[in-house]
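Here chain A shows up in two complexes: once beside chain B, once beside chain C.
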Partner chain A sequence: MREQAMVLNTNPLQRIPGVAVMLVLLCVVFSLMTPGFLTVPNISNVLVQSTILLMLALPMTLIIMTEGLDLSMGAVLTLTSLIVAIVALATGSLLLGLLAAMAVGILFGTVNGWLVAVVGIPPFVATLGTLGMAQGLSLIVSDGQSVVGMPAAVRGVYSGTLGGVPLPIVLALGSYLVFHGLLYHTRFGTYIFALGGNREALKFAGISARRLLILVYALGGAMVGLAGLLMTARMNSGHPTAGLGLEFDAIAAVAVGGTSFERGNGWLLGTLLGVVTVGVLRNGLNLLALPSSIQVASVGLLVIAALFVDGLRSRS
Partner chain B sequence: MTDISKPIASGRMLLSDEMIQVFYRLLAAFLICAALTILTNSFFSLGNILNVLRQASLLFFIASGLTLVVLTGGLDLSIGANVAISACVAGTVIHQTGSPTLGVLTGIGVGGAVGMLNGVMVTALRIPSFIATYGMLWVLHGITYWYMGGETMHGFPAGFRQIGSGYFLGLPIPVYLLLVFLAIGTIFAQRTTWGQEIYAIGANPVAARLSGIPVARRLLLVYTVSGAMAGLASIIFLARLNSAEADIGESLTLPAIAAVLIGGTSLFGGLGTVFGTFVGALILTLVLNGMNLLSVNASWQPLVTGVIVILAVWLDMKTRRRAA
Partner chain C sequence: MTQLAQSKAAVSIVQAAPPLFELRGISKEFPGVKALDDVSFSVWPGEVHMLLGENGAGKSSLMKVLCGAYRADSGSFHYNGEKVEITSPADAQKLGIAVIFQEFSLVPYLDIAQNIFLGREPAGRVPGTIDRKKILADARHVLDSIGFDIDPTIRIEKLGVAQQQMVEIAKAISQNARILVMDEPTAALSDRETELLFALIARLKADGVAIIYISHRMAEVFSLGDRITVLRDGRRIDEVQPGAVSSDDLVRMMVGRSVDMSYPRTFAQTPGKVMLEVKGLSSSSGIAGIDLVVRQGEIVGLCGLVGSGRTEVVRAIFGADKATAGQILFDGQEKSGGPDEAARLGLALIPESRKAEGLALIRSVGDNLIVSALRKIFPRGFFDQGKSRQVAYDLIRQLRIVTPSDKQAVGLLSGGNQQKVVIGKWLAAGAKLFIFDEPTRGIDVGAKAEIFALIDRLVADGAAALMISSEQAEICHVCDRAYVMCDGRIAGELARHELSEENIVKLGMHHA
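Our next item is the complex of A and B:
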């Protein structure tokens, strides 16, 4: 199985069909069913709304490639978003808010990585524990209330443009390029492939798997801090349940994008397409006037279907 | 409390090991009680102690089925959402038909059916259990919110409400149910062939399959039982709260997992007891009750539960000499 995974790594094009076909299919179906779907404002809307998800899904891809999982992302996102709001409100400085949020994100990521790599707790339970902690801290720092009255600059992060392109898209694409470069063009990226696929080789190469794992989770935390800024800007406030369940959409995007949960086999472009697929699915169901509860259930079914297909693939 | 997954020769040693593990936990529960008696005036009263026991029973029902899943080396993250959907469907049935019996059967049936679907995903589709049940969590969550449409169901027959809030000979009814299921669970896990096979699957799935245990069928059973217990818990919640809402189960999954892990069941499968889970549920309930009595803001509860989950796993890994 491991050998097979390494072969797949060298030929990721093999995976294009799954997620790309699904995306095109969804677009065709929604275009036929609702006139509002295939319009420039709506497509732009889908893309802008997908930016926060992409910022979680990129590091989630790396984490899943190490045979890990981070269930705490949504709860930590809520916390970092609140911190951006609280610091921006107190100091008037967006930058200080972002720095504080990223610091908290990195702290949570480091704790997750430490629990997984050093203590040896299975990732889904370790991050379930930190999920509870972040959820509790969100309630405590916000006292269960929304944080409102943001400085004008906060809103500008979400509604502003850079050379005609919405700022969130610029940030998200920038993040994608950084992650792409990191995963495919640095030694760090090679080690991550090795972490999931061939840990022995890492050991022989004298690389500390522990430090690497902590780094991967901490990187995730930093991205959650950055996503917290976008979240606060999007809602123009901090809300104690803002990021609830968003880790699930991120895991869904990664799974749909063809990254395997068991074979250390990841594909970043697939995750990008997966994020858009989840965004299109939610947007289309929304345009069809289906409640958000149905959207949540559909994303759940999407994940189970993707994992089923992945299971079939790994057996063949 | 024999751990039957191990060869008979080492049975004696493991018997004492398991008992020591449970003994430590009972001691911890006792120390928490002593501390709370000293720190607060209201802890050591009959009313509060019965309240703690009732709360612990509710947690135990969900956590007991989960214990079996964890014993096989799996996890069921969908139990909280399962409680919610079972409660809402059972509530509708009681409202429509006026028959509590039919409602109870529906609740357990829906819970069991969801559990069976989990089992099918894990066995036939070979999806890792934590991610399969995590997907199921959100599917159920969505369906329940859509089904309820933001409504709350109120007002169930007085006879039905007795299941959750009634007393018999001075003890809350859920406590009697607790004793019954504690006995059934312990006998099933420790004294039946199927129970032994569950331990064996958790200890070493490959060896279990090679020794002729029908692994897939046992796993299917375990996930179904876990779901059915969530269904039973939903009935008791329904009867206790006298209302059903879509968000009824949201805060239950983490405490249930905490109870199992505090109780000494190993996340890696094959080690642990149903009785330990009862003690785990008791400890967690005592901590949360104590925080309440010490007027700590309820916002702190998920934080503390999260810390306890991680501490419990860490302690378990430190104190247990793992055979495998």
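Our next item is the complex of A and C:
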């Protein structure tokens, strides 16, 4: 006899994830409402603008899969972006700026992971604490001012191309592939599924959940460092509020992408689609000349709508 | 099951060798409870050793000692005749002991192969990666060896309970388990799935695996077991051959727990009008066709094994689980809503875990007593300190709650007094029917008698009570009548004169 897995969704339509439906729907609506939306430069623009968000949303997916959260990402991004700017200004070296930013990012991530895994503070509270610290540090290092006068190389990171593809997209796609490999093809990734899915199983397999958790948050910090480089390049300066609220978009993209906050149910491709969906939404509202306050509200609405659709479908 | 019969015949030959694994004089004590008292137990390769006992007889504790989750206070372990130590799960694993709990230790969003080899993944060429080809081949090999033909790339979330159990077994076998402990493995299986499991057990026996099998089903105890050990009150009562005993013999060995029989019950009132009537109640949590009646002045017991659906019945009555069929009449009125309606009608649920569900531990005795009755005491919505304290004082006196003052935090009281506060809370709210879920759990003997005296006074004053208890002696001494549940249904009703532990156990066992 051949055992068959229970087929949960018999209707093929139901297997199309909510995020894909949402993305197509938004694209259709915006291309009908504004002529400027469905043009090559604009689509390219949406994708380039989504790269920073993707770099936060990728590790955020992993963190959420462990039933965690990192609220500090936006604030740490501000800090790492400032550090890139300050170091590049002082030394003229972009590489030094990037290394310094990643070091600071990893430090914050490690502290987050340590607070969550070892001290046992709930992730929400622990990362809210480090959010405040990163915000304060940003103001201290920048003295509340923008850091301007970047070397030309800085701008090049954002505007340059590699084989005709914008450099930020190359970096973001590279990050995506690395995370994909990490999550689906390594022991580390396997254990992340287990961290949220059944921590007891991990314990019986003799694997330290603490070490893993710290690694996951530290990895997030490293990505925030890399995203800091892109942020500084994008604005051609360091700004003390550059990353404000980006953790919200990152969490939204992960949630819209179908990663669940329970049982370690993560989907990396969903996060990629979620990031693009958030990007399309903001871009479309921009083209319609709606104020940014509406944008923030819309992203919130998008999360609720996506989860609502998924909830409806899983019930039926 | 000719295979089983064959392997049963083989066992008598094997027994000349030393047992594969032996426990000698294992004891384990928790504050106030002797969970295991000088238990000895052995298994030979290729046999199924049945472990039988009531709730709380010590089966779970024995399993936890075996798998290294608990450390025995005294006694010794012997593997192939040699003395060994088990102080951690790793020790047990090294000895080839694997426990398949009812709660599986599988990761839902990983596939079968990843679950079988969790923590032991074959390394790929790039450091940190997994050799996907090898892990799938290894998984197929293990699954083949237990005759489970399934694609190892299917994720656990897509599998039914029986299939998950097979994966657990495959995982154990892949760790070279020679001693497999199964905790009621057929509890959630259909008949067909059970057959498949039994075929697998026969196969494992033929391979020389020793199986320790915990069960509540008489039929499988006899059809599957090569030997039966009965536990009661943490002690080994006897080890018998299935051919030499009847199921009545086994029941007799399981019951007869020694308890203090001096629970007071006055039976002051002859049962009055019907307070609660449940007709054909079914709910999504698996209970079906429940009929029961509770009258004024009565204490009605609801018994059965853990997992037989007792708590689910109570939850459905209270409205915490949605009823899918049937009717609930409370005081002649149909009840269809949720817990808020139940509370308003005068239905009180005193849950098993009072700390989690019944009390705000850091708040004072007084606050806890009046919290459910605020609307009744202060119908106009304004709080009056004096009045509230008066109500609390009256309840403390009436229920004889031992507390330095009404300001004391509830968490600092003894278990018995906490239980009284929960009862008092509902009393203040005007409850007429009290549903108790394991009212004496974690309460010492003296306090138990007091709780029962209190319940007795409540019903003598015109209330009614429905009581879930795993302590059959308590049911027998305190209740007017009792319903016995089995597999989500009411297996039978026992009148006062029929109430005996033996009758309860007989009705509650699976005879199918």
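To be clear about the criterion, the second predicted complex is superposed on the first by the 288 of 316 C-alpha atoms of A that agree within 3 Å, B and C clash if a C-alpha of one lies under 4 Å from a C-alpha of the other, contacts with A are read in each partner's own complex, and residues count from 1 in each chain.
Please note the rule applied: a residue touches a chain if its C-beta (ideal position, glycine included) is under 8 Å from a C-beta of that chain, and two chains touch if they have at least 3 such contacts.
Since the model is a prediction, treat every value here as computed from it, not as a measurement.
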Practice prompt. Classify the contacts of A:28 with the two partner chains as first (chain B alone), second (chain C alone), both, or neither.
Written response: neither
Worksheet item: Looking at the overlay, does A:148 come into contact with chain B only (first), chain C only (second), both, or neither?
Response: neither
Worksheet item: So, A:207: does it touch chain B (first), chain C (second), both, or neither?
Response: second
Practice prompt. Go through the superposed model and pick first if A:266 touches only chain B, second if only chain C, both, or neither.
Written response: second
Worksheet item: Given the touch rule stated above, what does A:122 touch, chain B (first), chain C (second), both, or neither?
Response: first
Discussion item. According to the stated criteria, A:185 is in contact with first (chain B), second (chain C), both, or neither; which is it?
Written reply: second
Worksheet item: Which partner, once the models are overlaid, touches more of chain A's residues, chain C or chain B?
Response: B
Worksheet item: Shared contact residues on chain A for chain B and chain C?
Response: none
Fill in: Sites on chain C touched by chain A in the complex
89-90, 105-110, 114-115, 118-121, 124, 128-130, 132, 148-151, 154, 157-160, 163
Item to complete: Using the touch definition up top, name the residues of chain A that touch chain B in the complex.
Response: 69, 71, 115, 119-122, 124-126, 128-137, 139-140, 143-144, 245, 248, 251, 255, 261-262, 291-301, 303-304, 307-308, 311, 315
Discussion item. Show me the residue ranges of chain A that touch chain C in the complex, using the header's touch definition.
Written reply: 1-3, 5-6, 8, 181, 185-188, 190, 193-194, 197-198, 200-207, 263-266
Worksheet, complete the sentence: Within the complex, chain A is touched by chain B residues 75, 77, 121, 125-128, 130-132, 134-146, 149, 254, 257, 261, 267-268, 297, 299-307, 309-310, 313-314, 317
